[in-house]
Amino acid sequence: MSAPSRVWDTLQSNRAGRLARARSVLGAALDGKAVPGARIKDLLHNVLECGDRVCLEGNNQKQADFLGKALAGLDPDRINNLHMLQSVLALPEHLDVFERGIASKLDFSFSGPQAARVAKLVASGQLNIGAIHTYLELFSRYFIDLPPRVCLVAAEAADRHGNLYTGPNTEDTPPIVEATAFKNGIVIVQVNRIMDVLPRVDIPGDWVDFVVCSPEPYYIEPLFTRDPALISEIQVLMAMMAIKGIYAEYGVERLNHGIGFDTAAIELLLPTYAESLGLRGKIARHWALNPHPALIPAIEAGFVESVHSFGSELGMEDYIRARPDVFAVGPDGSMRSNRAMCQAAGHYACDMFIGSTLQIDLQGNSSTATLGRIAGFGGAPNMGADARGRRHASPAWLKAGRQAREGRNTIPRGQKLVVQIVETFREHMQPAFVDRLDAWELAEQAGFEIPPVMIYGDDVTHILTEEGIANLLLCRSDEEREQAIRGVAGYTPVGMARDKRMVENLRDRGIIVRAEDLGVDKRLATRDLLAARNMKDLVRASGGLYSPPRRFRNW
Amino acid sequence: METLTYRFENGTRALPPQPRVVGVVGSGNLEVLIESMPQGGACTVEIKTAAAGFGATWQAVMLDFHERWQLMDASIAINDMGATPAVVSLRLDQAVETMLGALS
Amino acid sequence: MNNYVNSYLESTARERIERLFDPGSFVEFLPPASRVISPHLGQLDAAVAFDDGVVVGRAFLDGETVFAAAQEGGFMGGAVGEVHGAKLVGLLRRAVTEKIGAVLLLLESGGVRLHEANAGLIAVSEVMRAVLDARAAGVAVVTLAGGSNGVFGGMGIVARCTNAIVMSEEGRLAMSGPEVIETASGVEEFDSRDRALVWRTTGGKHRYLLGDCQAIVSDSVAEFRQAAIAACRAQPTFLCLAELDQEQAMLGERIERFGAMSDPLEIWAALGVEQPAAIPMLDAAQFVAVARPRRLGGR
Amino acid sequence: MDWQTRANAMFPLGHSLTELDNFLSGSAQSGAQTIAVVGTTGHAPIGVEIALAQARFVLQTVREHPRRPILMLVDTAGQRLRHRDEMLGINSYMAHLGKCVELARRQGHKVIALVYDQALSGGFITSGLMADACYALPDATIRVMGLPAMARITKVSEQRLTELAASNPVFAPGPENYLRMGGLQDIWSGDLAARLQEALAAETTGDLRSRLGQERGGRMFAQRVIEAIMADRDVLAP
């Protein structure tokens, strides 16, 4: 018996073949690792093979847009059936590749701006979705069953050896490059400029195969900038309730905030309302958070001791550089962000996640999926889930765990606070509380195996609306849970269908808490209470260091 | 536009004679005009709203308002552009509070 | 923490009136309870307001009787319809017959209300004529512009027919909105999302430097009040040939000196501002110190 | 509709009008009177230069030809939609023109206007609508915005707008609507020279347009609102 001799280095030889093709077609145009921008399509046509898994860097902030455009412009007769791996589909060209037949399959996390087009392409059969992931989940799969054959990433600058400086917006680059380079894939980078000496090395050059200097700097979205001028009195009221009813109640020191105006209001109430309650040094000290401009007044007031970030935020560079005790900065003084690390940190090292959503059902499941839009999740599910692997204790974590387990014969254990903060009606009178999430119908239409739920009800500990806070940790039955949710659902049909007696009983037991029960004076709930009421106030609070993008100015 | 009217009998709290208007007819907002006028003790409400189909919500909001304030001989007129119940209740309370504040 | 009550920008038209004039002194003409609403909006299924978006009446300003009008930018962007315009005209004409010393126009408007466009257009021209008639009769007409919707379209013209304009930096004064220009002439012509450019082009500081407004204050009702008191006392109110000749020369000089420039920053530099890029972040007092000696039409 | 044809019909006794970059000016003979003529041609967008040129001509007339009647000939596509015009403060230029017309009126110049071709929104406010009396030719175009664009903005269907326009002159384009609302004194037809002479001879005292609009049934609220405020009444006259 002789077994056929097995070849063990197909990936290496395949990689060598791709590199040889590229070298041959580019000839003298290839200068070390540097490829002229004008030859990018030649490079891609030769290093790519049909059916390749291709990871295109693009998240909710920075975009490898030059490479993305080039990819979308390839000849579909030569390159087709690509399997795209992407954190975020943000730009039109991310979908052009499917429309043009260059790619056919997609695994991703979030598609906010392009969600409607994703749904259309799925319906027409031009795009097959593998799965919708959370960020951490998708990065993890790059290392297990979805290693990219080719990745297309973006960096601030490269040197002649291919070392990369990713600067404040390092974001997704490290796991993508690592997963590709160490599985014999090809790493192609677009950079804004090539330098002799980099400010610091974020990615070592021997992981990088090709560098192309793009004619325009990569696109970056100031996603986390919220103009305080748009915060409403209702949001101020809800922020007061959050601070007094949850932050102070549990002594939350380590946390992550979602992206909306509701949480921006909380950030802006720390130096005013929370200060007046004597909470400085007791709450909100350590953050897993992008450098939200709305956090500046709280940082300046000494509330915030440290912030680790997923990505950076346009205009915050100089401020971050001037506050190295607070932010993670490199030896060059500029920030280092890392989405994968920060997601892990948010999951394991934070006691609380608080964020907004679009729909909540009677089990407390929450979803941002709406009909006709396949939007995905982003990072919220990693933050907004109990870290069941967590073993270290903190007062907030222990108290939540105690409340959940009280009266039950279980071993002591903590729990993460997962708070959903929503107004009962969104704009245009869309109710935030529903009997059935749109996610169900979306799943049926798109053929998903499970409805795209952002945060599962069994992870949600509190729901906070303008009507009150429902503490789901204290509910002891499904029925109680349902009535607790109805009891803060206001005048939505779900709220009006409450059992009034049972809701009053839940209130007596402290499971439902109203503003007046907390001693929150509604008359104080005006925009007066915001530490900054407009963008200019934020600039002033930063001592002139924060420089908002032009679209956020009115000066 | 949809017009909704409600009438709540047997109020107990009288208003000063000077009418009061609060709020602005802008997106997601509303204006509330409250006037004291003889209505046989009742409080009447007329709502003109750009968001059709929310009669049940308005009824519940106005019923709670009436339970909170028990206005008598009061006429409330509302021009609404899709304000949420939270904003509606806030404006109504502001209007009554400023009117009653003017009394003291 | 108490600035909000004082923010002109964040105040509604009624709040501005309440806070700007001597406390409790305002008496409204055709108040909301009169329900003089637009007769046209209903048929287009649009919401109405009990004051049709403008509050007019009599008040005391620092002890002097004045008339005042405040447009509500939150209602249809402060746009002028038939009733809205007629309230302004009626106020200005009554100021003449009652020999009132000054009329304050707290303007915030996108111009003509499209739902009743013909009536609005005619009304704006009637307001213009009424402003000029009032001035000819010795009534000082003063514009305050500090609302978030700016003063645009026909009301931008009306404003420049008044004796004096007091602006905040946040206030805007222009003709066509940036979105309109972008739609008509392309994003390369005017990127309406570039708010820094929008404010550089239409905001209070640029207008002050060009001589289009006579005073600039910070976004505070109290400061608007002080500037309004001063502006109401300025005399004379009427137009004369010499003044218009002077304006003709100033506007001509503007085209000659700045007509080839493409960004207000260049204009500011040409006016002798040493660090034009630093202008937007200066507060009102610092700005005036830099700008007053260099502005056009300075007084 | 070129301006020369119109001018020849209006001024059979002669004129010296010249046109430069859509700016029209000069003098003309109407009956026994010499009148000053100023205006625009070719659907001119009104930018800062052309507004200022018209103002200069009006001021010059006031200075050099006391009491000479002024005829404004209107043909404009509205204000020029450019960043440069806004940067230079186009509203100030428009207002300046309006003030110059007002000065002329106060110094005894009769000011009339004729929309001989097209009058759109901003370009019309400080020209035709500032005159003592504004006239139009029957085939002139007068509007703020066309119905299709208005339908997009108001979200009311174009068909519905067209239906409503039949009975309410308040938003639909056309000189007839402006006539009913008092914005136009009259629509000229027949002998233009005769119409012009009649218009120059007509008495005008103040701004009577809201009253005209009421009398003609096209604008039923403006005059009553003005009167109520003037008379310190809280209700409108029926």
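We call the chains A, B, C and D, going by the order they appear; numbering starts again at 1 in every chain.
Everything below uses one rule, namely that a residue touches a chain if its C-beta (ideal position, glycine included) is under 8 Å from a C-beta of that chain, and two chains touch if they have at least 3 such contacts.
These numbers were taken from a predicted model, which means no experiment stands behind them.
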Using C-alpha atoms only, the most centrally placed chain is C
Relative to subunit C, largest Cα-centroid distance belongs to chain A
Whole-angstrom distance, CA centroid of subunit B to CA centroid of subunit D, is 45
Whole-angstrom distance, CA centroid of subunit A to CA centroid of subunit B, is 42
Per the C-alpha centroid definition, the whole-Å distance linking subunit A and subunit D comes out as 58
Subunit B and subunit C have mean C-alpha positions lying a whole-number Å distance apart equal to 33
Subunit B residues touching 2+ other chains are none
Listed in rising order, subunit C residues that touch 2 or more other chains are 31, 33, 45-46
Note: subunit D residues in touch with at least two other chains are none
Touching pairs here come out as A-B, A-C, B-C, C-D
In the complex, the residues of subunit C that touch subunit B are 12-14, 31-33, 35, 42, 45-51, 53, 72, 74-75
In the complex, the residues of subunit C that touch subunit A are 1-5, 7, 10, 169-170, 193-199, 203, 205, 280-281
Per the touch rule, the subunit A residues reaching subunit B in their complex are 232-234, 423-425, 427-429, 466-467, 490-493, 496
Given the complex, residues on subunit B that touch subunit A span 27-28, 51, 54, 56-57, 60-61, 82, 84-87, 90
Per the touch rule, the subunit A residues reaching subunit C in their complex are 229, 272, 526-529, 533, 539, 544, 550-555
